[in-house]
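The following block contains the structure, expressed as structure tokens.
Labels for the chains are A, B and C, by order of writing; each one numbers its residues from 1.
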Amino acid sequence: MDTNQPALSVRDIHKQFGNTEVLRGVSFEAHSGDVVSIIGSSGSGKSTLLRCINFLESPNSGEIVVGGEAIRTRKDKTGSLVPVDKAQLRQMRARLGMVFQNFNLWDHRTVMDNIIEGPVHILKQSKKQAKEQARALLDKVGLFDKEDHYPSQLSGGQQQRVAIARALAMNPTVMLFDEPTSALDPELVSEVITVIRQLAEEKRTMIMVTHEMALAREISSKLIFLDQGLIHTQGSPAEVMDNPDSDRLRQFLGMLNAA
Amino acid sequence: MAEFLNYMAWGPKGWGDEFFFAFFMTLKISLIAYGASFAMGLLFAMFKLSNSRFLRGIAGTYTTVVRALPEMLMILLVYFAVAGMAEKMLVSAGLVGSEFQFSPFWTAVFALAFVSGAFMTEVIRAGLLAVPKGGIEAAWAIGMSGPQIFRRVVMPQMMRHSLSGLGNLWLGITKDSAIVSILGAFGELLQTGYRAAAATKEYGYFYGLTALLFLLITILSLAVLHWMEKRLNRGLL
Amino acid sequence: MNDFVTNIVNCLPDLLAAAPLTLLLTLVAGVIGLVVGTFLALARLSGQPLLSLPAAAFMFVVRGTPLLVQLYLIYYGLGQYLGHSWVRQSFLWPYMREGLTFALFAYSMNQAAYNAEVLRGALQSISKGQIEAAQAIGMSGFQTLWRVRLPLAFGNCLPVLTSDIIILLKSTALASTVTILELMGTARVIQRQSLQVYEPLIACGLVYFVVVVLLTALMRPLENRLTRYRKG
């Protein structure tokens, strides 16, 4: 792979729900080791954008390229892009580790089973190897003693840390975080942030939709302000946050400070 | 095909009139049994919620035993055993003559109601428990009498809470009414189907027709229940 | 009174001998009903009209008509048509002529329709997020179904499925009307032979009661084990 090749290219993504255009042509790139944070008020389309990257939502047009390989698509009758080759989409998804707002751990499986599910059944690793790796990851997120617990026995912060370990277990090219701390009680936010910060220090490539401005400022190499389905401003955190170049951005940042 | 139309002729040559009246007989049996089972359910639900250990014991035994045994067995037991014993008791008490017998029709309907009543008890009990205490206390406070409170405060709220359970029991009793056909010739749907099928040897046709008419009862019932639910949700019933 | 008790006790050996047939009907129809019911529920939710409409119609008709009518329709009706067809010549006919085959078929289809309705609700109630998590790591549709949706759905509705097994067990009594000598049928034979009205029925009730209580007690630990993930 060409080292100058972006780890992820998002090209001109459009997405419509009914008559509402949620995304109106969004493009950006993330190189290996980049942390891209996407901010914006609710309804700006930032979660939809993230979900379009791994096709949990089908964009209406545009292209997603992971590590130089584009997800091959065609238009269906409704005007959405659908994958031409489902097997290719599955391979691409396996390279995009997703962490959800609501954790979405599988309730019926233990912590260990949640983590090794992908490695064993998608990547076809041996169970033994997958478990060893899972234990290392649990250690990393500070939950070494919880492998036999069920999700319902864990706090929200612990569940989210397991969900991060589950995504990491696939050894993904890019990690996608969809508001990873916004479903958590305030006192549980920091334990998840600690893990995310650690991943940034390890130079993991990450795309993160978030409301945690302090975290975004600290770890991001690039900040994207999404407004009404378009990238309004992008740049380094300092550029975007310290010198807001428009009323909308000032308004958004002011709202966060007031909150 | 013409043959099948002939089967449905009105009068002595066809089965049209038999099935027509059987349809209403099934409805009649179901309606009466449903009313009786509602009364029993109300009674035993109040037993279950009463302070008397004896009454709670009776109601508990009734619901446990009836719900653990097959409907068919319970219906046979009530039809033969309970009715028979009651007759003997009445005769030996000298209240009736030695020739006395309950009418088979009413005994069958009672048997059906007796089984359904156990399930009804549970539905009504849950409904009564869901009535908020505050409303009852408010009714006492404005000086309503016990029966008034029951009729004007408890019943409407209980009904609202139990509607889906009550509806399911109605659908259940219309189907269970088919079991009555093994007790005797009451001219309801399944027994009529049985006679027609046996007389013509057209088993598939007549049992299919019987099933269709039962399905019609279900569809009509669902329509009525749906209508009631809508009115209830608007607070009109 | 003593006679009465003796008579009841005397019925028990024959009834206990018939109990395995009741359990066999329950077990076979329960298993087939669950498998067919799962496919029905999936067809119902498939979003393909060619699959979902027939599934919905089947479920509605079976749940909207009495089981006893279905038994007669299959036992007499199907018997009538199959008896005149090529099936009569086939090697299967001697088995099919047995009431048991027809009864098993009727009970299986009935149970399938009820199970399908329960499973449909359970499949629909699974949170979308858990399915998306499966898609996001690259699971195929089948893997998502087999490894996530079905286990979660069964876990959600297990209490209803087990109570439906008890309802099935009780409804097997109706098979006595199509010549099957399970518990109820045996009780009625004893009724006719001994000319006793009450005792065989009461003895039969005792056996059913014990079987129902035992089966419920057996299923409780199974239920707990399969849904242990829900205890916080």
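Throughout what follows, contacts are C-beta pairs under 8 Å (C-beta built on N, C-alpha and C of every residue); 3 or more make two chains touch, one makes a residue touch a chain.
Keep in mind it's a predicted model, so treat the numbers as computed, not measured.
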Closest to the centroid of all CA atoms, by its own CA mean, is chain C
So the chain most remote from chain C by C-alpha centre is A
Chain A and chain C have mean C-alpha positions lying a whole-number Å distance apart equal to 46
Between the Cα centroids of chain B and chain C the separation in whole angstrom comes to 24
Whole-angstrom distance, CA centroid of chain A to CA centroid of chain B, is 58
Chain B contacts chain C in the complex at 65, 68-73, 76-77, 80-81, 84-85, 171, 175-179, 181-182, 190, 193-194, 197, 201-205, 207-208, 210-211, 214-215, 218-219
Chain A contacts chain C in the complex at 54, 56, 86, 90-94, 96-98, 100, 102-110, 117-118, 121-122, 150-153, 163, 166-167, 170
Residue set of chain C touching chain A in the complex reads 127, 129-130, 132-140, 143, 147-148, 151-152, 155, 228-232
Residue set of chain C touching chain B in the complex reads 61, 64-70, 72-73, 76-81, 170-174, 176-177, 184, 187, 197-198, 201-202, 204-205, 208-209, 212-213
